[in-house]
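Which chain is which? They are A, B, C and D, in the order written, and residues in each are numbered from 1.
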Amino acid sequence: MASYDVMPDVQLFQPASIDDALNLAERYGRDGWILGGGQDTYGWLKDRAKQPKAMIDLNGIESLRGIRQRDDGVEIGATTTLREIMRDETINADYELLALAAGRVASPQIRNAGTLGGNLVQDARCWYYRRGLACYRAGGNICYADSPEGMNREHCVFGASRCVAVSPSDTATAMVALDATMVVQSVDGERQLPAARFFKGPDTHITQMTALRPGEVLTAVRLPSSWAGSRFYFEKVADRNVWDFALVSIAVALKIDDGIVSDSRIVCGGVACTPHRLRHVEKALAGKAPGAETAELLAPLASEGAKPLNYNHFKLPLLENLLRRALRA
Amino acid sequence: MNNYKHIGKDFVPPDIVGKVTGKAKYAEDFRADGMVFARLYTSPMAHGRVIGIDTSALEGMQGIVGILTADDVPAMEAPNAAILTNLPVYIGDPILAVAAEDEKTAEDAIARIKVHIEPLPFTVDPLDSLVEGGPNAREEGNVFARSSEGSGFRTIKWSAEQIADFRAGKEPTGEWVHEWGYGDLEKGFADASVVVEEPFVTIGYAHMSMEPRTAMAYWQNGSCYVYGSAQSQSFWIPGLARLLGVEQKDVVLISENTGGGFGSKIGAYPIAALPGWFSKKIGRPVQLRITREQEYYIGSARVGFQGWIKMGFATNGRITAADVFIVEDIGPNATGGDGSSAGGAISLVYDPGAMRFRGVPVLTNTTPRGAQRGPGQNQIAAVMAPLMDKAARQLNIDRLEIRRINAVNNDTTVYEEQEPVTSAYMKEALDKGADMFGWTGKSKRPKRDGNKVIGLGIGQGYHSAGATGFDGLVRITPDGVIHLHSGVGNLGTYSYAVTTRAAAEVLKCDWEDCVIERGTTEANLPWSSYQAGSVSIFTHTRANYVAAMDAVEKMKQIAAESLGGAASDYDIDGKQVFNVRNPRQAMSYGAIAARAIQLGGPYSGAVYPDDIHEITKRSVQNLAGSGLIGVAKDNLEQKGVIPGLACAFVEIELDLETGKYEILDYVGVAECGTVVHPQGVAAQMKGGAVWGMGMAATERHVYDPQNGLPANVGYHQCGIPTYLDTPLHVRTAAVDLPDPQNPFGARGIGEPAMGCSVAALMSAISDALDGHVFGRTPVSPDMIINHVAGREQSFEPLQTNNY
Amino acid sequence: MEIVTYKEDVWGREVILGVSWDLLWLAIVVPFVLIALHAVYHAIRKGSGRPSSSGERVSRHDRIDRLFHWIMAVSVFALLITGIFPIIGLNFSWLTLHWVAGIVLTVVVAFHIVRSLFWQDLKSMWIAPSDLKELTDAAHKPGKYSLAQKSMHAAVAVLTLLVVASGLVLFALIDTPWWERSNALSEDTLGLVFLLHGLSTLALIALICLHVYFGLRPEKLFYLRSMVSGWISRDELSANHDPKRWAPEKSA
Amino acid sequence: MNSILSRRRFLKAVIASGAAAATHTGLSSAVAAAGDGSGGKGAVERLLSVTINGQTRRVDVLPQETLAYTLRYKLGLTGTKIGCNRGECGACTVLIDDIPNYSCSTLTHSVRSRAVLTVEGLQGEDGSLHPVQQAFVEELAPQCGFCTPGQVMAAVGLLKDNPRPTREEARLALSGNLCRCGAYDNYLNGVMRAAGGNS
């Protein structure tokens, strides 16, 4: 396993229109690499662990950038940078959860270049996989992390199926918590998926993190007005406060009618291969008043059904604690 | 307090402007005519034997210039690291290099070369190798003992029971190879009213300097020009010449700036010689820039400890006895020696009535280890701090007080031989720090607020901080310019410049009249110590002092010779040599220099002392006749251990729910004799603080024992502390009391600056958790969460190189 | 077209990954070509009148054996669907279904082996040299099973045992309610097991195509009926079998 | 002394020709790059103009080339450092349209119509230091100096966006830049000094 750090030969396309981009995506299929901010692209290519024939750069397509008001909410173009999202008035006013999540991504420079689309479709961070090993996720027939002595501190405690990588995206949890709709386009037209069905686990999609098919491009996400201005809570616990991915993160949206939770979304990152929604906690929360008492009551539910690996059982109490904090806040 | 002109004053080091403008040149910034770019192929296997290299796929590839394999370079005697090897002993061990017209093409070639390697047994945890039936990291054995009586490989195995007992926290009963001690240990423990006994682990981790070590080399009329990433300057030459197989006079090292070293670039390292050999083979200049991942592999790492310690305390808190046993993870090349240094640090910082050190250095197939900022001293500082707290609690003594009562001072005798120290003011440092930090006030405040707990910690750091016997060289040219020749490397401490100010001080000249000659062998530099071990300040203020004194004496003689009278009638000031009785009878430095050239002999450098190093001699020969030469070897008296000391006070707010903590306040106090460069000392204290924070919280090697794969090969995984993992403000101060054995009272500080930090944090974490001792670095959030939740830790006791 | 696919192991050495699934279309196309040829051949050569299914009925398959056959058939189809569909891009959560079906198959196969060894006439399914006469001499009638049936059974038996055996090894390496997954096998051995599992699967697919075809051939349809309801008519018996070599008792 | 002079000249001569060499072989490999699917709509041109430090420069750039590579290997602007080439250290930070970016993780082709500012572009005509550079010197902020150009650019980017940042804001803005020497406190002092506040 040699070590590389120079970009190898790969064709670059910078289409100015979405149609050109979709045609290229169609033409290249699995050999095409859709390029947003590129912050989870160049490492793969420099390592030669992924070897697409062409990069299709979406940044020249005006229609894919920016935040637009719609009568049923807002639409955020896929190549809108995390920096723009963090600084956007509407987002901060109505969907602060997303601004908070975006603000905890990696580092300032990565947020300056990194796009929402890229952050949502970024690949798993399992260190074995990133090393370029031919594991299940890379189309192989083995998992190195989930092995008797595997070093799997950062891996999943829910939803494993051969692969035990976790969803690394900070904004993905927010998307699910906000009931976002993902707008996906291809030459065959447009399809829309709820965020919860956009992110895929290894039981069905072991070599990819999302439902995107070859030739498809995530062009925008839509945040429904239904959750606008709810009570939000986002927290991410990582080893370092810059760059590092979540050990565990939590994104919470609460609808509160005179002190009582009428509806809620509680979504966790870093614990499963997809954003992990605590539906049973949401049910149990309905009709209760947020606060220390409810927090203590419901916190233990958070880790129900978890299956820890050798080095990550700390994620269970951590997950419970984050839920505790979210409901207490 | 003193009335020095330069010593103790801040100044603008000549290289700093280049650093803020990007003009400063590092090894990878140089280009040479026809230069080609080399890339490395490194071992994918933790231990193996290369049985075939298939380069057929390169045939017909454009832009490939050459391939270098182990057969093209001299073999190194085991266990020393090779330039290139056919017997890789760790993942990342360099096997071959390819040179091409550009880096991409070189990488294309690397990607096509097939190297067939037969796997051999490997180990990534010393205890896995030490246990009977366990694998050896090298075919020669699993232990390499370095000692004056002779070094060599050994195979040492402990029984499964012995390993199990060790893991269970019992005193190790297995075989060891190093032992020293003093005093009556048994009596010491008998006199103790409190005994603390703990096993401990400090996981090693990579140096990860910002600059991935680059080297560029070409040959010009018989000399090899090497543009290297070097921590030291002159000190590199002998080793570099040896690696290149040439005489010292035939090596030119250009190292104007180096992107950090921290112990990983002290002497010439094998890979720095690769471009030289490659250039010799293909007849073109070769630059080797390695990747960040390769810097992790090749760039060295701190030695890991798995140990056991037992200490006895008298009722007043005085340490009566200390017994420490350390299994060292010394990597595959048997570098380190941290264990014994750790023992030495215990004997100096805490001055136990009696002590014993025992150690066994075990080879592992992890990255090569080397000196890393406070090698040994800083690991043990982290281990000791919470144990001192534990004893203080049991004795019901204030945690500051127990440190004061054991504090090293001018009368302390240290190490096996119980040598004296040149001077030591740890008590003063502690008092100054406690005062700045407000220890008494803070320790009275309530600790707990909901899930947030305040933890207060005190740490002490030590490293010997001086050497003697190196050369100084100053030159005054007829234009009156004072050339301060510095063989000190430029790794970012500015000591190359700071130490020359000693000469400026003696010559009573303005800084503006001085030029520092440095950065390349061709600047005719004197023989220097290594720029490590916190030695530069003590060592080279002395060397510059003696050289300047030599120049002053010569100037007086020349003045007497030209103006009459005896040399003793003359003194210097204002760039003049004048007759003390008749100040108008004077000569300018420039005139003196011109006269020196006419007089020749020792004045012009035509004649020089016999006892100076051959490197200095060569420089003087080149400079002879260009001005007045002041050159001398530091033969000033030096007795006893020269301590660099520091202490730190830290306040953290630990979140019991997340296992994370914020550092609310940090105060570091340096005890390095007279402060020669206030900003420099502060910078070292702050940098050391950050290093301590990394060692305490995030930095560690992680290896999968099943296949020997390293998890933390990148900057991201290595967990270098960021702006947001360190405090918003770091406060520092210095005791600033002169050391009698340095003409300016100065000692070094680089390494203790870190030891006190990691120790203070370990102490503070323990304090926040009601005295719980993890006995391990780093203490990561998951460990704290598991502890608070009353869960088992994920790893087994004494496991190392793990999450 | 390659048969085996390779990957790099944890230390960058080339090892077998498994079978190349490009072979899948071969496993489908080949049998259908054969089927077509056979159908054409049959259409040309006029078969003698079909024996009547009325009249006295004799028993061919006991209920228990019919049950076995159909459970096995269901589990095999479940295994093929859960195993192959994800490979051809139809993603669903298949792994648990797959190994559960695998266990069912394993159990019934084990049952069948034991039963045939101790409670059935093993010889009736044994291929004897004398059976080869069936190929040359149309007058030479088989016992309970024709040479074709015996050969089909033999082939299916071997492949099923291979696919079950390799499947069980892989099953031992994944997380189940009873044990944690392990990397007990070296990567090259693991690759061999995957290769074996894949190759036997492909061959089974081909054979099953043929089996289904022959089961549905009009002149052989009564065999399918017998596998459902157990009996065949005396006419069918005498038309296709040698009563001296197989004398089934009357069926209820 | 002579040998030094000769070497200096020799090196100076070379920055250019070294770049030339790289560019030349760039061509051969680019053929390979363009070999597949090129000419499609939106395929990039090899030869492009980039505006760096106010000057527009024509340069031959591979499709996949990163800005850090172009700056260092094609244009001889070696002030921009490559510490990790992975967006994990910040040593390669430059400003693109006044926003800090990791040039190791930016394609040169993506800055075609944008303004790039590197550490070499900060000094005044008269060679006077930029306030941030001056402040870093006064605070002895750099130690080994390898991360310094990145720290400088991150700080300049911050002050363009927020001329009077609080220390906390400065710390956040610079948090994408590692300093292995641990000079964070000094750099923050420098930023505050440059912003006119007292450090």
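In this text, a residue touches a chain if its C-beta (ideal position, glycine included) is under 8 Å from a C-beta of that chain, and two chains touch if they have at least 3 such contacts.
If you're wondering where the values come from, they're calculated on a predicted model, not measured in any experiment.
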{"item": "Chain-chain pair with the highest tally of contacting C-beta pairs", "value": "B-D"}
{"item": "Averaged-CA centre spacing for the pair chain D and chain C, given as whole angstrom", "value": "67"}
{"item": "Rounded Å distance between chain A and chain D, as computed from the means of their C-alpha atoms", "value": "30"}
{"item": "Averaged-CA centre spacing for the pair chain B and chain A, given as whole angstrom", "value": "42"}
{"item": "CA centroid of chain A to CA centroid of chain C, Å", "value": "45"}
{"item": "Two or more partner chains touched - positions in chain A", "value": "1, 5-9, 144, 147-148, 241-243"}
{"item": "Set of chain C residues in contact with two or more other chains", "value": "10-12, 183"}
{"item": "Numbers and ranges of chain B residues touching at least 2 other chains", "value": "44, 103-104, 108, 291-292, 706-707, 709, 716, 721-724"}
{"item": "Pairs of chains satisfying the touch condition", "value": "A-B, A-C, A-D, B-C, B-D"}
{"item": "Of all residues in chain C, those that touch chain B in their complex", "value": "10-12, 183"}
{"item": "Chain B to chain D touching residues, read off their complex", "value": "10, 12-13, 15-26, 28-35, 62-63, 100-105, 108, 208-212, 225, 257-262, 289, 291-292, 491-494, 520, 522-523, 679-680, 682-683, 686-691, 714-716, 720-724, 726-730"}
{"item": "Residue numbers on chain D that touch chain B, as the complex places them", "value": "3-4, 7, 10-11, 13-15, 17-18, 21-22, 24-26, 28-29, 62, 73, 76-86, 88-89, 91, 118-120, 122-123, 129, 132-133, 136-137, 139-149, 152, 167-168, 171-172, 174-175, 177-186, 188"}
{"item": "List of chain D residues in touch with chain A within their complex", "value": "29-30, 32-34, 36-38, 40-44, 62-66, 69, 85-88, 90, 93, 99-102, 104-107, 109-110, 154, 172-176"}
{"item": "Residues of chain C defined as touching chain A within the complex", "value": "7-12, 17-18, 91-95, 174-175, 180-183, 187, 190-191, 194"}
